[in-house]
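Chains here go by letter, A, B, C, D, E and F, matching the order in which they are written, and residues are numbered from 1 within each.
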């Protein structure tokens, strides 16, 4: 259960600011599906607009990183932060963008390994090598 | 400062298990540089051997993900976990593997955005959409 | 599901130490409602007593910070730590103490922004400015 | 040490996008001081502009929450996320905005308590009370 | 719900690599019960094999730490990392290995206290005492 | 550098509340050494007194868990939370209480493994087995 109301399409339709964001999500993604995070953020139009603008700018704009790579980076951060919803939504997005089973398996191996060595390094308080300095 | 001794090459040379791992790190990476995390783990030969075996298997073995993508995933997890040493070492590795300034900039944007939306989703306790179910 | 039994009022009534804490919670809050965290902690009377004493001292004692501000700080930490129950209970408490929709929206914006810049700063390992030194 | 170059005023002056952000930071804050996070972000003008725009919108715009309350929420998140630089910079900002020693002491007490009860609740996996449902 | 299929015994039986791991889990633990984490990892045989090999080596091999102490350390990390499944599975394992109610109560007190003082120390950015240097 | 003043013995001597806590720390531990966390908390006498009272009650009182086991649990949480000072102080305390190199090595192996499997379980969103229910 959420701490806020999850807006239906009908409720969104009654609020021009929310409707405009939902319209843009659908146009940008080429899909009628608006997932729950946007329906929850609809309670705070300022945060909804700012968050969608940032997601659109960062994730939908062509650049140096492949869209699938960006989605896998999003997955990695969401796993490390323990965000259940985010893990589900970005795993689904990565699959939709072409993440194969083998890629998923390797991502899990890297994320698991990184979590392990992060802990070991923190335990040992390893000093940064001068070679890594800029 | 570390919680353990950082082993010099001379000290490593006096311990066959440690020397064997250092030799394999050098051979695998094609470089004489052995960074501090291995010199710290040298105090615990069991952990040193197991960790290096896992790093070698996960990071050095060819697979479905590009080595640079794996390194950027490692960076993303290390940032999310707040591991200073790991951020430095994996940022340096990613650069050595070809991460351009533009790629780095986009990685930062994705990691920052993911951290922000992870927090918003956790705050709102957004329910997982049925569409994301396997 | 919990890892421990959630105590009913009847079970609490059979244990004087637990009953005393439940009585004090009700008297301090002016409400008959005892939420589940206390019913779970009832299995460990030492931890129950120590935790309630600390909550009472920190949250219920008048001081320099407004009770609503304290509750919003509690929310912010609970979100950052990803504690589902805590997010729910402290969001409900903050609303009960007067958090308006606009205040909630601004809290979300600050928490989201802080999470993002925390990640960026960690990624860049920004050195502390001398001006911030005490 | 940072993973990127910390830009001097002279270097910023040679890049119009960076200079424009630094100018706006100075004008918005009414101070000549530009702290290191902006000098580090200067390497990524896209991230610099987007981050400053968001900080300005969230932190400098009048709203329902007092500026000091926003700064203390920022502190709370930064502490929970373990971001050294952020803890320093936002503690300094909160003091500059009027955080008294007594307020600081109470903030520490709330943040410490929240961290403790977050851990206990996670350990016990306390189920959310139906009373907290929206 | 998981992001992957949870394998039944019948499905595992059709994949020799998965079946071999399930067989070894049962033989090592002296129990027919194979818990869900292994049934989820079965989708990635490489990760399944590597993870089980590591769990077996670390948790099932006799050493200097009592098996119950190792299990309680696992609980402590899982609580701190906010991993719901892990908290449940390792609390159950610790109980099966002899964790009494009193020991559980003391573990909770230590984990709660550590979380609190970790936060305070991070807030205050306490410098490491020279006496703690190796 | 700390966000607050680190009190000297002379400064502590001028404040009866602080001096009383420092005296009790020395008497309880049988050592003249008062480490920096207490010298930082001295700025907030309320937090200083409450924190020391809790540390004394949880860590110094005999119970079902061995003092060394409690110290190692404290280490595990501090590592997972990434608290540099806490890792140093509790590693030093555990050594002083008898943690051998072999025990330390095994602790590191457990903490590393737990961090890895926590991440994998979170990535896969493994459902809790009914067998783990209380």
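Methods note: contacts are C-beta pairs under 8 Å (C-beta built on N, C-alpha and C of every residue); 3 or more make two chains touch, one makes a residue touch a chain.
Which chain is which protein? Per UniProt: A, B, C, D, E, F = AhpD family alkylhydroperoxidase.
Just so it is clear, the model here is predicted, and its values are computed rather than measured.
Asker: By label order, what chains touch chain B and chain C together?
Answerer: Joint contacts, listed by label: A, D, E, F.
Asker: What angle, rounded to the nearest 5°, describes the rotation that places the Cα atoms of chain A on chain E?
Answerer: It works out to 120 degrees.
Asker: I want to compare two interfaces, C-F and A-F. Which one has more contacting C-beta pairs?
Answerer: Top pair by contacting C-beta pairs is A-F.
Asker: Roughly how far is chain A from chain C, centre to centre by C-alpha average, rounded to an integer in Å?
Answerer: Taking the average C-alpha coordinate of chain A and of chain C, the gap between them is 27 Å.
Asker: Take the average of all CA coordinates in chain A, do the same for chain D, and state the distance between these two points in whole angstrom.
Answerer: 21
Asker: Identify all positions of chain E at which a residue touches two or more other chains, and write them in rising order.
Answerer: 1-4, 47, 50-51, 54, 77, 79-84, 87-88, 91, 105, 108-109, 111-120, 122-125, 128, in rising order.
Asker: Could you list, by residue number, the parts of chain E that touch chain B in their complex?
Answerer: Per the touch definition, chain E meets chain B at residues 1-5, 50, 54, 57, 128, 133-134.
Asker: Using the touch rule from the top, collect the residues of chain B that touch chain A in their complex.
Answerer: 1-4, 6, 33, 35-37, 40-41, 47, 51, 54-55, 58-59, 63-65, 69-70, 72-74, 76-81, 83-86, 88-92, 100, 102-103, 105-107, 109-111, 113-118, 120-129, 131-132
Asker: Touching chain E in the complex: which residues of chain C?
Answerer: 1, 3, 43-44, 46-47, 50-51, 77, 81-83
Asker: Would you pull the chain A residues touching chain E in the complex into a rising list?
Answerer: Those in contact with chain E are residues 82, 87-88, 91, 101, 104-105, 108-109, 112, 119.
Asker: With touch defined as at the start, can you tell me which chain E residues reach chain D in the complex?
Answerer: Touching chain D: residues 75, 79-80, 82, 84, 87-88, 91, 108, 111-120, 122-125 of chain E.
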